[in-house]
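Chains: A, B and C, in written order; residue numbering restarts at 1 for each.
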Amino acid sequence: MYDLAARLFPICRSITGDGFRQSLTMIREIIPEIQVFEVPSGTQVFDWTVPKEWNIRGGWIKDMKGNTIIDFRESNLHVLGYSVPVHTTVSREELLAHVYTQPEQPDWIPYVTSYYKERWGFCMTERQKQQLTDETYEVCIDSTLEAGSLTYGELILPGETEDEIFFSTYLCHPSMANNELSGPCVQTALIQYLQSLPQRRYTYRFVFIPETIGSITYLSRNLETMQQHVKAGFVLSCVGDDRTYSYVSTKYEDTLADRVLANILKFHYPDHIRYSFMQRASDERQYGSAGVDLPVCAFCRSKYHEYPEYHTSADNMDLISPEGLQGAYDVMVKVINALEHNRYYRMTCKCEPQLGKRGLYPTVSQKGTKGDARYMQDFIAYADGRNDLIGISTMLDIPVDRLIPIKNQLLEHQLLTIA
Amino acid sequence: MYDLAARLFPICRSITGDGFRQSLTMIREIIPEIQVFEVPSGTQVFDWTVPKEWNIRGGWIKDMKGNTIIDFRESNLHVLGYSVPVHTTVSREELLAHVYTQPEQPDWIPYVTSYYKERWGFCMTERQKQQLTDETYEVCIDSTLEAGSLTYGELILPGETEDEIFFSTYLCHPSMANNELSGPCVQTALIQYLQSLPQRRYTYRFVFIPETIGSITYLSRNLETMQQHVKAGFVLSCVGDDRTYSYVSTKYEDTLADRVLANILKFHYPDHIRYSFMQRASDERQYGSAGVDLPVCAFCRSKYHEYPEYHTSADNMDLISPEGLQGAYDVMVKVINALEHNRYYRMTCKCEPQLGKRGLYPTVSQKGTKGDARYMQDFIAYADGRNDLIGISTMLDIPVDRLIPIKNQLLEHQLLTIA
Amino acid sequence: MYDLAARLFPICRSITGDGFRQSLTMIREIIPEIQVFEVPSGTQVFDWTVPKEWNIRGGWIKDMKGNTIIDFRESNLHVLGYSVPVHTTVSREELLAHVYTQPEQPDWIPYVTSYYKERWGFCMTERQKQQLTDETYEVCIDSTLEAGSLTYGELILPGETEDEIFFSTYLCHPSMANNELSGPCVQTALIQYLQSLPQRRYTYRFVFIPETIGSITYLSRNLETMQQHVKAGFVLSCVGDDRTYSYVSTKYEDTLADRVLANILKFHYPDHIRYSFMQRASDERQYGSAGVDLPVCAFCRSKYHEYPEYHTSADNMDLISPEGLQGAYDVMVKVINALEHNRYYRMTCKCEPQLGKRGLYPTVSQKGTKGDARYMQDFIAYADGRNDLIGISTMLDIPVDRLIPIKNQLLEHQLLTIA
């Protein structure tokens, strides 16, 4: 995962354009089954319109002696996202009106965009701005903003049922690592994991989109199907650092997505942070919006907005790690595993079954000798058709992982049935 | 409000009689539309009977030398409420059997009544009682207790719908200020406020009644209509001091009255006190009684029973203040405002609308630049037809006052509809 | 109760056999109406099979000089429950493979059984085991394990309705006092109490069974009837010591049995311990199992598994006391009383009734004079047909005992009716 992120890192992506396409192609080298869709600029998508396509080749500020002050080639964050082209000489005052910095983080270049109002601009560190003391500068942004299309990738892995688990991540940010190459890289690995499974109960839907306009576009084409089939979904974002685990609940905190994430994180990383829907800021905004109301949580390690490097040049390859990505991947594999086994179970016999005669219970009764048989007895008691596996795990305070073999043993002995 | 209270203060009111009528007349000088009803003594009202009408002209105790010990003219609390007439000479011992004091508050005259058993009696300070050392006294109460009627006032301000908001206060106490001239004075001001509004969605029902027997009488005549139409109601009592805000919940704490009061007080005065229905003691007892079950809370500043001056001569014009009355009035205006705007809202578009193109959202995207647009986004997310405005305010922890302009902007842009 | 326990103590009981029969006969001397049932060995009862009948006459270990090391006559715990007969000479090593001790409680003989796998064995104190230093021993267990039957006792006390309250206790343990002679003794006293009542609303069902296999057997014959009629049930176990009170909730903690026990113990012994269903270990396991789902709690003083003497020779007649048994009995009498009076009540009049004219309320109104009339007013408010008596008691925080006379007064005055 880390290597894929490293290869993707230098590309200048945006919500449209060749940087996005090139990145998606790199992922399709691993997962060729991903389908690519192009949606023309100007297409109406709910209340929004697909914007013009933006491409950029370079950009710089020079002083009048020809010295380069900043250059897009050093960091693609230096050019305001979606800048219109410009090549002119401007006064210091005029330039400063087009300069964006993050003054409280004076050594980092901020990531700034203006997708829906045509502007040009440069982003730089506060210190760089302080050194703009000349009277006049030459500025150049070699970009195009023209009719084109918005690109996204989709993969549907069919399962035994039409019920779907949905994963969404976004590929529209330029050179930033945690936000957001970690999500696409973990998602790519999850697809490989699911492709490797001998069978899948659920159908899995994956999308690689530009943030916000991408999810709106995608929903405008798939909403009815998704409302009918999606049982749980996850936005993968900022899943590459080592600091914590967190998730953003759905609006009413009661969906299968909330339940399974809460359950897995409770055992995997008890100190994880749960954010309410009020703290949402990525595509879960659209998936949970009024009238869409899909059961989609966001899953993060250190959540967007909550870590200092967020949306700056400091969100680089040093911020993420193979271990950080692997940790997030492991949680999602546990989530998938819990969902695949998550049925309502019911015992086939009245009263407790006689486990002893099946070798599932000690035959000598003395205090302190029950051990793990207790877990089986507790599972049996709650397998009354009212609870799914995740619910039983939460009530019994036993990880789903430990209940699955118990459940399987009982199914083998025909003591259990799916309710 | 304070001036009206000052003018009403000297009058000796009771649950029936000319004091009540005279007070109601004084209020009708401000609100002539209030209708006056007279219910004859002996009328059966549910399990109760309208009592005889009581009027009093004077009362005193003198020693045998003719020195006045106490006199009704000094404080109308000196005569037991509903005392039958008496003029006789009594031994000290016999007198004491008719004397009421509040020994733990030795300088204050308690307010005592005997509405439903015929007695005569005097109330005085404990210190005054200690000085009754003569062997014999002359006592006189110049009252009448005869067939007459119970008086109450009612005003119905029609609105766009038949759904009603109900306000009830009582005017049956003699010279006490917080309990209870504050309630009638705030209610009078609220009527003026509502009359001044260009339109009202709700119909408003106001009553000025004697406590307990008055609400029972009123309910016996209006119960069916009220059960059909009243959506929220408030007993206004003890709303004139400066100490705190409080309210008494309904029985199951789940009505619109509970929800709006809890919401408004949470933002207006976070340290307010919520009393359970077990602490009820005014007309909310009847409105919330089994079989009546109207959604009516009591609203107070320092609640009856809870402040030391309650039901004594110390509950005088010094205990209440213009600011105290104004504060209670302000809360009730906020309550009315919240109720008037309290609809279930639903967005007209799927996904988030594009606020930027309507000038409702910043067009440059940089961390930390969203500001108040966040409130609009959160309102939009929860405007899914499941929540009313008060519910959204409580969930988002944003005062209704701040959501109303947001809601209005969205309605203007036709992004929002009433569900 | 203590005397009955003392008489029962020496008998060696097990889940089948003459010890159980003899004990039940002793109880039937007090309650001759108890019916005795014999279920043949080999009978299929749900997933289980009624085992062979076990009887024992003696058992000992001797050294080769003929000195008795341990003897069943000293403690019937010395022989492993359900031991097959044996009489042979064994090496020290071979003997130790058949010896059970509780090493962390070195002076106590543990209580150990092997009902469902044929074994022979001896239980002894850890110190006794340490002294087995000879090379060879003679061992003898004079038992029989043969086709026979499982014995249980049942008593049904009919009431005005077919709705049932169920009590279950077990009589299958050898010489241990708290666990379990206390349950049968308290249950015997409760039957006498219920027989003495002039009338009973509920029908009462009592069983004296062997643990686990007994409740499974009993349910296999009575499940449908019990699912139809049992409204609340209680397993009585470990109810004889003086240390605390406790109970084990049902699976979802929401049944009438949970509600009444929680209510009674809240007032009777506020420091009682509530265990979740996860801590179950007696017949409530079967009554609450998936597919059975009867509303049955376990009631204990110090709960099984939770006190050090549990399942050892230290659980003797010193551990229980007449006061301990009486305390548990008193709780259950309160439970029965609360259940007998537990109806949904509704006031017959709208608004509060005029209690004063019926002598139920003070006729002078002065602050601080209401006293107990307050309880009646609160009961009246909540007697709106939505709450049963236990619910009202819990909401008002007033014991059921104090509400019953209030309820009766209101019924007498025809102010109240059963909803």
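Here, a contact is a pair of C-beta atoms (placed from the backbone, for glycine too) under 8 Å apart; a residue touches a chain by one contact, two chains touch by 3 or more.
Bear in mind that the values here come from a model prediction, so they are computed numbers and not experimental data.
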| item | value |
| --- | --- |
| Size of the rotation, in steps of 5 degrees, that lays the CA trace of chain A over chain B | 120 |
| Homomeric contact chain A-chain C: same or different residue positions, threshold half | different |
| For chain A paired with chain C, centre-to-centre distance based on mean C-alpha positions, whole Å | 55 |
| Contacts with 2+ other chains: residues of chain B | none |
| Contacting residues of chain A [partner chain B, same complex] | 46-49, 81, 100, 102, 110-117, 119, 215-216, 219-220, 223, 251, 277-278, 280, 285-286, 288-293, 305, 310-311 |
| Chain A residues within the chain C interface of the complex | 346-347, 349-354, 356-357, 363-367, 377-378, 380-385, 396, 415 |
